[in-house]
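Both of the next two complexes hold chain A, though its partner changes from chain B to chain C.
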Partner chain A sequence: MEGIADSRILIPPRTKSRRAQAVVEQGIKAFFGGNALVAVIVLALITIFLFREGFGFFGQNLSNLRLYRQAGLEYVDIIRGVASRHEALSRNLSEIRLSEVRAAQKRNAPLEEINAALAPFDRFASAFSDTADNLHGIVSDLTEQASELKEQLFARAELLAQRSQLERSGAATAAEKIVVPEIDRAAALTRLREGSANFESVSAEMTAKLYNLLAEAPPLPDPAGQKAFEQWKTRTREYLAGLPAASEKLRTWSPDAPIPWYRSISSFLFGREWVTASFWQDWYGIIPLLVGSILVSIVALFFAVPLGIASAIYVSEIASAHEKRLIKPYIEFISAIPSVVLGFFGIAVVGQAVRAASQSSLLKWISFFPISERLNIFTAGCLLGFMAVPTIFTLAEDALRNVPRGFKEASYALGANRLQTIGRVLVPASLSGIVSAVLLGLGRVIGETMVVLLCAGNRIAIPDFTQGLGAVFQPVHTMTGIIAQEMGEVVRGSTHYRALFMVGLVLFTITLAINYLAQKLVARYRMSIG
Partner chain B sequence: MVATLEMPETTSPTIVNQPEQVPKAEIERAMIEIEQLDFAYGAHQVLHGVNLNIPARAVTAFIGPSGCGKTTLLRCLNRMNDLIDSARITQGAIRIEGVDINAPGVDVVDLRRRVGMVFQKSNPFPKSIYDNVAYGLRIAGITKRSLIDEAVEKSLRSAALWEEVKDRLHVSGYGLSGGQQQRLCIARALAVEPEIVLMDEPCSALDPIATAKVEELIRQLKEQYTIVIVTHNMQQAGRCSDHTAFFYLGRLIEFDQTAKIFSNPAQRQTEEYITGRFG
Partner chain C sequence: MIAIAFKSRRTRRTERVIFWLLRLATYFILACATYIFLDIGIKGSRTVFTSTPPFINLPFLTEPPQTLYVFDYDGKKMTLSDRQFREWKSAHAGVDVEATSVAYSAGGIWPCIVGTALLVIGSMALALGIGISSAIYLSEYSRNGRWIRLVRIAILNLAGVPSIVFGLFGFGLFVIFFGWNVSLIAGWFTLGLMVLPAIITASEESLRAVPQGLREGSLALGASKWQTIRKNVLPYALPGILTSSILGIARVAGETAPIMFTAAYAMKDEMPWQVAKFTDFFFQGVMALPYHIYVVSSKIPQNEYTERVQYGSAFVFLFLVMLIALTSIVLRERSRSRLSW
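So, the complex of A and B:
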């Protein structure tokens, strides 16, 4: 009782007026509320900006696709497709030759002997590739014509847009001054068709030549090579059988066939090509970037999940208090390393080490070793995994620590050992917390930019999955990487610019979904622990 | 744990630390022998020279004000204090059927299977009722379904819960009421067929009806098990225990037949505590 009496003396009675107090209260409320409001508004503005810049993409992409058809580029690409399949077959022949040479070298045959044995095959291969000479001639002529027409059409569309903009803003005289050249598209397209008129005769001639060639194809010394060669022959026959279909396509192709609006969306979401600033045709397909991001994330999680969760279990259940004090801040410190530094480390050390390891004779038995690219999915994934460890560790450790003590005690009291308690009680009880830790780690990984930009190799292509796990050692480009790399160079408002925004939106949606899922899981986990 | 170690603030001035003059009750067969036990958390000693023989197949109650060390002593009996760093027995021994449980050769897993425990707050695992009861068997390596089925039914019957849950064995244990959850925890402890069951204030979170059921259960269980129960509830100790030990400030003050303790205690401190003059 005496203590209370003393404190009355220590703290003087409040002298401020009620009004002054109200002002202070309001000031406090305004300060904190204002900060929260700024954060909310900024987030809303970012979202609105993203959507505004991004959605313009679809209209522009649609006109881009329409121009592709109207200028006859699509028409030329049909013929180009025929020619490039021929080239692919030609490449297959050289691959067969290479494996043939390797097989012979294993038998320790001298090089001259190998070359002599393969001479008939070489003659066959060069004859094969010669058959397409005429075809390539047609393609290169038509390419020039079509791209010229495209240029003209594009320039005209630009001028028209400029003029209508001037008219809208009221500068009628200035608008008059802009001369829009008339383009005789019909004539140009007719020329295009004339140029390709001999496609049918060329392809018929090529077909005849190839059938003759196939009939007198030389045998190969190595049985495996012979088998591959036979498979190649079947493919070639299939190719030849498909030629009339290409001719048919050319005949029925119409430059004015409508392109439905949804093609603009589907060509983005499902397009397998991302080609920009090309003289021919730009493609904005997100699939190679999406696949790149996903593969890098899978590799990252492959490393980060076991590392993060196992160290969380160790710290929360096994480590002594002293170890805890040491390990926890140490792991959490990883997140303080700037990602660009990690990227350097990835290029200079990890990539180099992985390639060196792949070249060692101990790992020769792995079919896709040695690898050729130092910077690839694996390198980037390793580093990203490392970056995700603190996120997963911290949250998983939280989840494990929050498991009620009673569960642990009950388990031990029933005669469980430590492993059983961890595996049968603690981990199941905190599972949703752990899963959400992994999801948040995934969110971190998929949104990370610098490391993938530096270490993923930046080749815009879908990896060759026929190599199985070897696909992981190929370079890719990612959604985050492409935005960082190309955003600085694009013309503001161009289709490319807007395409990058769309990529950003897709990324935004993915991370939002991941975070939402993670939060739902955390909420459920809290309830189940009660 | 540590939070309960604070000394009661209203220390009666009449009580001073008294030398060991604890009378031993007449016991036919001692299941647990506690001899001159000192126990400390780090530098803080909580048990001072406890001597106690706990009889087999009977209910022994530990009573005393908060922080008197009764829960600590209970947790020594199945070595749950091993989980706490810096907590250790500094002197003395605990023997169960003549074997020192802290001897280097004793397997703690084995000990805990023989000495089951029920906690103050019911703590079923976030699993089904069936899996909760089967847990102890499964971690002991029993995989045969029929054996587990049988043991689950038997334990739930022993815990007087079978009739209430037999139709919903595979729903979560959290769907049960507080009293049912505590009986589920008792069933879980019984499933591994212990010889001794330790109960740490098992009814402190239960309403009077659930408490009555658990007390009834305790009286039945003593036919087969040696039971040690910590309680703050004098009536409870009076109703369901055969022997009572009164602790104060880490010392055993008095241990005798419950009827004797409650009607005619030998020590004045015991009397004052029981009649509610302090504590």
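So, the complex of A and C:
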């Protein structure tokens, strides 16, 4: 028989009124809600801020491009283009000579003999490069004139901006004090045109000389070299045929032709040059960086996808329980290796190893070996692939494990062996999960900074794809790398600063798209099996 | 019959070959990882450990980085740190030597360890505070609506945003817009916001793993919502939350890109606590271990003199981060086996 329970147990004494307690509860709820709100606001802020800082880029870049035209830099670059194409042809000649020498050395010919055989060719090559002397003279004169004008115009624009800012803030007297010098742009541009007046005569003279030279081009001993030389001659003729078009361009060029607003966007998205802090003209084209990022990612996935999926299949289907308990945490453990340590390992060990391997005699048959740069796309790609393996492994293994048991049992019941069950049932059933694992791995690779900054070689150039696979052994710069390298040194609010934010925005968009795609795939996969 | 037997033998052989290939791929990954650990471990321990008691190279762990001077004197090769070199010069007055200097290669990495610890503590406090509260709201208070779904999508997507983009954001907002300059506090916010999505997701998962019955039982006994959460939900979810947040620590400590232009200095002479005013503490840049590794591996050449500090710092850093990650993995494995409802 139990006594009546203590009343204090059943009805606890109320120290607070019900109302006060409700207020406290509401307050606690509001506190947590407020925290969630802070999280969301901050996360939204990131997007807004990137856009805010980035979109100012287009206006500034447009005025940058307008200045390029107004100061006549564009005009000079037409002539410069003609001169640099000539230089490229001259370089091709020396490449041909190098291959000739190599071919002769393979025949074990002595050096004097090779030089004697190539003497007419050398005379031809030096005569060729001499033909452009006058052209280079014009270019260097005009470069000076145009950059002077550009500087004046730039300084004037700065002063004008200062004045209008003062006027807006109400300091009219201070604004009056700023003297904005008048610049006689028309006269300067006329001088520029005068300076280039003899371009036509110079180019005509060069054309005549070159045709004469081509007519008496010496033959080459090696047939392969001769073939390359013939190709070179065709290219030179094409070049000469294109010269009148350049003169025509110079004649029709106008400093006041309007530059449409979309040029600012297209020159960023499709620009093939990223040149900053240059005395002549800054270009902000994302293509070299984008190509670099994509190439590094391709190499990384080339290694990570087979390894990641193979190990996922192995661990989830083949390995013994004992192996599984060891391998799984170990691979997950890899994902915790800091990327900067991997980058350092790349510099200290992998880069050296890749170069040493390319110099070994076993791999001599590969045309682009030995390589000159130890830090290149391949080095960075290997390390990034290693980094992406845990991501792909974990998610793919999850997907494989989540295939319902019945699938496997049904397959065995039909007489399939383990390999057939894996290949025909398990992998197809979890395919969307595996693909999304690969996508998330790609997201990780493309957004990784330290490894590419340390190991990709940091040369801002589109790799030379004419070498075929050899392009993979060239140094590049990447989107993440350029932000990390240049952000610390830019002037706040400058075009360069905003251009880097735009690169960040592009990166942000790419990773969001990849994530979104991966999530969509997983959602569909859950529906189809679950 | 024979044909079938032959066929089955062949399929069995293919099966075995392919299984071996898969096994090879798996063990190849493990071998690569082991090689990295061994390479850095062996070369790094030459710096960090010594053959004489106390067996640990205390100067390396307790001194600031210094410039190394290398020169020939009296037929001997001298390698002296900045301070030693000045003492040597005053002792050998009048002796003119041509010394080549190698930056960062003498001394130790003490300020970097301190800086990294400060960054991790501050940013984790920030991220855990906001993150766990948000997770409690999302899992306990919010009703599944359009707005909440949007929040979830935002959090999920932000987890995949590259760390350099967070760095860019932190630089633009905290360093420049708020005018905090390169400072500890800018680094805290940048790193804290970077791990926030991961912490929210993981905490919410642990909260949701607590069975609904525990909440209902508590509410049925007359407890208020907050009492239920405090007494019946949080205690069971906490181990899971803490385990996943340790992984967050490993990530915060390991990242370089976000602090490169928000919090890290390549070189700083004072220790973080040597400040004139109390508030200066928050607005000073610090040296950080990952940034130090970046600097010593990219800004100075690779040779016999620099290898000591390069491998030494990489080893210490790798060891610390791996220790944190290992704790998290071990804790998780243990909690998986223990907590089953």
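Remarks
Keep this in mind: the second predicted complex is superposed on the first by the 496 of 530 C-alpha atoms of A that agree within 3 Å, B and C clash if a C-alpha of one lies under 4 Å from a C-alpha of the other, contacts with A are read in each partner's own complex, and residues count from 1 in each chain.
The rule is short, and it goes like this: a contact is a pair of C-beta atoms (placed from the backbone, for glycine too) under 8 Å apart; a residue touches a chain by one contact, two chains touch by 3 or more.
These figures come from a predicted structure and were not determined experimentally.
In the superposition on chain A, A:N417 makes contact with both chain B and chain C. In the superposed model, A:Q21 makes contact with chain C only, not with chain B. With both structures placed on the common chain, the touch criterion links A:S320 to chain B but leaves chain C unconnected. By the touch criterion defined above, A:P404 reaches chain B but does not reach chain C. Touched residues of chain A were counted for both chain B and chain C, and C has more of them.
When both complexes are overlaid on chain A, the residue A:A175 reaches neither chain B nor chain C. Legend: residue contacts after superposition of the two complexes on their common chain; A:V425 is shown touching chain B, with no touch to chain C.
Legend: residue contacts after superposition of the two complexes on their common chain; A:N515 is shown touching chain C, with no touch to chain B. In the superposed model, A:A117 makes contact with neither chain B nor chain C. Once chain A of one complex is fitted onto chain A of the other, the partner contacts of A:P306 are limited to chain C, with no touch recorded for chain B.
Annotation: chain A residues 417, 420 touch chain B in one complex and chain C in the other.
Residues 21, 24-25, 28-29, 31-33, 35-36, 38-40, 42-46, 49-50, 53, 306-307, 310-311, 313-315, 318-319, 327, 329-334, 336-345, 347-349, 386, 389, 393, 417-420, 440, 443, 446-450, 453-454, 480, 483-484, 487-488, 492, 500-501, 504, 507-508, 511-512, 514-516, 519 of chain A are the ones that touch chain C when the two sit in their complex.
Residue ranges on chain A touching chain B, taken from their complex, read 320-321, 404, 406-417, 420, 424-425, 428-429, 528-530.
Chain contact summary for the complex, chain B toward chain A: residues 78, 80, 83, 85, 109-110, 112-113, 116-117, 119, 121, 123-127, 135-136, 138-140, 174, 185, 188-189, 192.
Those residues of chain C that touch chain A in the shared complex are 11-12, 14-15, 18-19, 21-23, 25-26, 28-30, 32-33, 36, 39-40, 129-131, 133-134, 136-138, 140-142, 151, 154-158, 160-169, 171-173, 176-177, 193, 196-197, 200, 224-226, 247, 250-251, 253-257, 260-261, 290, 293-294, 297-298, 302, 310-311, 314, 317-318, 321-322, 324-326, 329, 333.
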